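Quick heads-up: structures coming right below.
Below, chain A partners chain B and then partners chain C, in two separate complexes.
And then the complex of A and B:
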């Protein structure tokens, strides 16, 4: 296997990453009353909508300034204004989240000043119309992946909305790109500690809502803009993920701008990472972990024990966004799976250290860790690893199929299974769900491969 | 008509019977309206992608390729190279200094690695702006590697999907005429405009071969570079769909004298007509052919009809909305639903022309709403107003229908069931039946008349 962590990259075959504006749109979907808006040509917005719709199975409106050839040459300002106006009047959003695309970034068009000028012009002139807040973020895809776009959009939201003021007792919780079901669970446990925390952003309802009786252009739910406003006055920010402490991240911005203490934590996937998360909640609340959560922990350890023999000696590859890749590696290592290969399309440079920390003391030999790879490279490099399991998104399916091993689908996107929005991996409860799925995937494989066809395993 | 969400789109929606018919179309999408349209690149990719032994390299930042990775069926009976997603994944550096060098290295590496029969290189928005000379790089690589390497002018911002079809036809036309034509039967056709999303091409090809017609090339479903290169030797082009490959057929007629006929394989009438047309076309060369066509249709119908009858009994009088990419497909769907006893209450397309909409206006019943380039807000208002039981559309329309408690059928790229021909019609009827007659709709607030499942 090649030793260098950065492959000499000429082109990408079957990318592990998506583009920045997609991540930004996801973040915007998590703020109440927000419509994501891409400044660029129509195609990007349509592709991203379709990608999100196939995962969440929910309508996802992403507006676009629909730039054509003329605007690409002479500037997209007029289209941006017209587009904003149409969104304002037809959808009545509270916030519009404008992200740039490669097109507008290449022509060097900065939307911020254009938006400000437009809003200033509108102010007071249209009495019947409440003007939304418009948040802009620069997301040139050639400069980063969708996870970076997500972080930038969260920071942009905070920058635009957070206000100073007397310190409160509330917390900010920055969960990163978590599933709606994980977000609901996080909110439940935080509440159970008696803590008041704003989850920023929280797309759990907008991206996993009930059936409607009329079309709802901006689905209800999400972090209220007021909570973003109050974020600068919070007592502390708990930020999850391996980039949670990064100096350019949203948590660091709140710390540097308002002095809000930043508590970066790895994503609570697995027992140990969850323990760390709950320890921080104990500390912040001054209360012990509630009984029902402790019971979840107890059942999880019980399950680890019950199934440990099914897992021993299995070699696994993890392919996911970096936060999740770290969480999954730590989890798999602690249940006795040998994590042989960890890959991500992200390129923050933090993966290797984070994986080492997450798997410390559990693996006989450290896994190969790859950033900024594509699935072609993953396939090439895992061919001879004797893998028995892949954990990652649906996009790893061709690989798992070629290797004849099970794929446990986690993260984003999941385009070939149902219920992605209801999938959990966080906390003891999420880890329990994940653990059952991993064990069952291996059992199913064993059963199908068996000539006897055991009905009792 | 009730209030539409976007005043500027008023002349892109018309209810049959409300005054004289005129529908504005072929416009750029309204900014901010969340159009369901894609871009030029998308159109080009739709047409060319099924060429299974070609390398499809998307020159641009990663997204354009990543979002189109294996998202459509485009089944191949052999090579699967087209299912990989190749991108030059441009970075800051290339955006500033140009991407030609990277493109050259990428092509060289990938051709060396996969040994394709040819390569298509798609330009995207960014490439259009930084001004890379795709043609020059392709030429150089073609000469070095000895395979056709064809640039596709598909910068997204240059227009709608239709401009992408044109770019794809242009690219295909460069390939046509470069291969030997010996041994081709005088009773032979090319199948243009079917992309074999779920195996429909194989159905059509099967019918033609049963009749004794040679199929020289499929453009492009289950397509091969070598077949396309020699397809100017075929005696007739059968062209499906509202123009994705019509331009190619026209150019082949001009350049090689290959006549073409527009056909549709969807629905009983259209499929039969297509086979009859082939029979008649070759009647002088093969006098038995028209008879064999009729025989085949009779046989197939005798299997199909009794099965359709029982399905129709359940569907009679239900109301359907059609919103598809091209208008030609909408024609066939309107007819097919009539066969199932259903009423078309909305019909529209992303990219129809004035002529298309006139024809739609003609074949629909009074009260039907005809719409160009709609958006979720408008479409959902229309669906409720027209009381639709079913929406036929693409994956982006699906959640709109479901959220409103309306049945849905995918008649677009992501379907997994072949809907062409006689067997396809049966499958389609079965699918419509599955969704329309499901018991779940009674729980939807719209029908239940209750608001109990409303947002908390």
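And then the complex of A and C:
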């Protein structure tokens, strides 16, 4: 592996990762009737809403206990109770997802017991009334990134809601932080195998919804809480991403607690990873891959062949959340792009091994793989790599601009293009979209640089 | 459609009826039906700058956002390091879309960088000062800035890191100006606290450190202008045409050196009263610079503001030049108003933004014949609503008491009254409102609704009840409002458009509103309220 020349910095300049509760809020948005609630000062909720809203271009309500200086000293319990009560009355949610922030974590306030006491009191005063479920999760940003917050929230949801019982024939599908369009596609293909699967969580409708025809305090859609309840009785859990098999993850929890078999798989980006994904679906369903999916695969391979000449010799950098970074590396390597540099702000320690596995046999020389980096370091380290392409979020734009090369935008956040919610990268169909975008970005670059201005490329 | 009219008092009741009693009672004091002033000139009081009720979904941010994002954000050559975990620094990374124009290609501009200490568990447990020191040294090595600012986020104050001591040490060690802001997000009730903290810090550590004034006969500072969408460039253009020298802006398109010699200006022109009145008051006390309220949002308002500045300096040439510039610019502006107005006349707007925009932008709407039927601030105080007249009557609560008030005295060397007291009196007698601000209510119609810190829920109810033609707020509200079939204009970041200030900005804004109010896109939308007709709206009431 090429050695890094840049010094390791103590400070972070232009981070590649976001904070834990943001991931938790995103997970909560994927459960039907859920309002995310941050226990801490209100600034965090406002900032995270701002980020989620500009990416999805959809309303995102996140409540807060609005703690102030007094509560930081004497405890935020009363504010938490009052806040929950106001959310319950004004929004009538089915579930409230409470995540901590750095403030409450620094003062060491555990919301779980406070919430339980409050709910018990409410139930006493309102016999016979169905109260919302309140799920709590600890998300100190000084302990991990947004992707870790997402996983923790999914686990907390399952811990709070999943129930034991006789095993059913249904599956759990844990997709990680996938786009609404990818989630829809996953649901379609799973259904096409005749499988019944609960996607946990599924924010596809809440974060990419239609215009409203009725007043909706909590936008419709998301995994029904009943499906989370049934998750403990599922036949197996298919979990996607490089941390899918992690012992502290939600899939492992279901396995350890209820004995639900865990099938961890890399994110199905690209042909190879998608093949693995569909092979598992074949096995689980006992059916062959449906014809229309096989046709998608056929068209994808055909496209690979047709466009391979545009990709030869291109060197690329990938900067993304770890799951996606792995998937993108495998995909780029298989289409003949030389993946020179793979970076993430995540820090689970799993990136290097996962990238190796995803690109095995495809690259002449392994890429430099960096965890826990920021864009400043990425810029320093990629300066002399002769890059022709960057694949990453909007935050990689300044870098691509400096290097004078195209940026193909994937992941979160995308704040400078329209339609992030409808962007696909998963399965053959998603890979096809991604492939077309990569090829076209390179063609556009070539065309603009040409003095002739060819109209045929 | 039914013709019965909705009374504002009923609308107010409708906004709060779903809340539990305690929350409803509090919100009722923050929603006021505007009424004419009483015999002593007071407007109906509005509860504001008070802690947000937990669990209602507020649009407010935190003190850190006000300090690091709003006031320091547009300054290109002070390198700001966020001391805290990753999120706060990440979310404030160029999100306000401020612009800047460094004087040359190689002049420093740190705005594209978000530096932070990204505190980890260890730093929280054992203290983060060591990491902060290292981060500052590193930043200095890489960027060699003139000045470094440290902005604290929530955990910092709680674990007892002394960022001011770190700043002092680093200042000595590196030989550049290093100063710190204790703007932890839990301080105060909104970003407003952060504005105050930022004002104090810049006033204490930067203003007055460079004594040589720039050239020019009529030297002013522009306070409370943040160069969103390039507003500052348009204002700078106009001031230059008039021959007025801008010493410093706080803080749109600003630089460290501008702040350092701000005390050499002879007048402070205040745009956003909320965020910057502290600086106006402190520089008046310490250096003797009087201030006036101006507004460069709206063509007429711009003309009026220029006239006020000219009146203050009292120079016939300047007065004449301002008239020329105004006449010239207004002829172009009027042509566009005439074109647009037939389509916008009589339409209605609502504005819920910030601490001054909800007031300033009413002017632009008025110029094209549109009425503002409801408005309010996210983080205004009573004086921003009711006028500075109420200042002596504002109760200081615990949240506000925690924000330091600097003890300011006249500077022994630099204090210089800009005009003798008699002259100032004479100017006042001629109608120049030195050191005055009348607030938003004074400019709003009787019976319009004034709502402080409006919530997500109230926004939706309000739309349902009034169905305004344009709703102005921020990105957080944008998509909810559009889901309801109402055209929405972002006034924090202008929907990535602008500038809207000054004469050219006004023209751009009229056209934008014309486009929004006339677009046919809404034909495809059947909004929730169209299926369940409610009583007729206020617009028919007048």
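Just so we're on the same page, the second predicted complex is superposed on the first by the 439 of 457 C-alpha atoms of A that agree within 3 Å, B and C clash if a C-alpha of one lies under 4 Å from a C-alpha of the other, contacts with A are read in each partner's own complex, and residues count from 1 in each chain.
Note that in this section a residue touches a chain if its C-beta (ideal position, glycine included) is under 8 Å from a C-beta of that chain, and two chains touch if they have at least 3 such contacts.
Quick caveat: nothing in here was measured; it's all calculated off a predicted structure.
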Partner chain in contact with A:337 - chain B first, chain C second, else both or neither: neither
Chain B versus chain C as contact partner of A:408, first or second or both or neither: neither
First, second, both or neither for A:195, with chain B first and chain C second: neither
Which superposed partner A:220 touches (first chain B, second chain C, both, neither): first
Partner chain(s) touched by A:358 [first = chain B, second = chain C, both, neither]: neither
Residues of chain A at both interfaces, chain B in one complex, chain C in the other: 9-15, 17-19, 21-22, 37, 40-44, 46-51, 53-54, 57-59, 61-69, 71-72, 79-80, 82-87, 90-91, 101-103, 105-107, 140-143, 209, 211-215, 217, 376, 398
Complex contacts: residues of chain B adjacent to chain A: 5-6, 8, 28-42, 57, 60-71, 84-92, 94-95, 102, 105-106, 109-110, 125-126, 128-130, 155-159, 376-377, 380-381, 384, 395-396, 398-400, 402-405, 443-446, 451, 453-455
Touching residues (chain side chain C, partner chain A) in the complex: 18-20, 22-23, 51-65, 81, 84-93, 95, 112-121, 123-124, 131, 134-135, 138-139, 153-155, 157-159, 185-189, 191, 398-399, 402, 456-457, 460, 464, 475-476, 478-480, 482-485, 525-528, 531
Parts of chain A lying in touch with chain C, wherever the complex brings them together: 9-15, 17-22, 37, 40-44, 46-51, 53-54, 57-59, 61-72, 79-80, 82-87, 89-91, 101-103, 105-107, 140-143, 145, 209, 211-215, 217, 376, 398
Residues of chain A defined as touching chain B within the complex: 9-15, 17-19, 21-22, 37, 40-51, 53-54, 57-69, 71-72, 79-80, 82-87, 90-91, 101-103, 105-107, 140-143, 205, 209-217, 220-221, 376, 395, 398
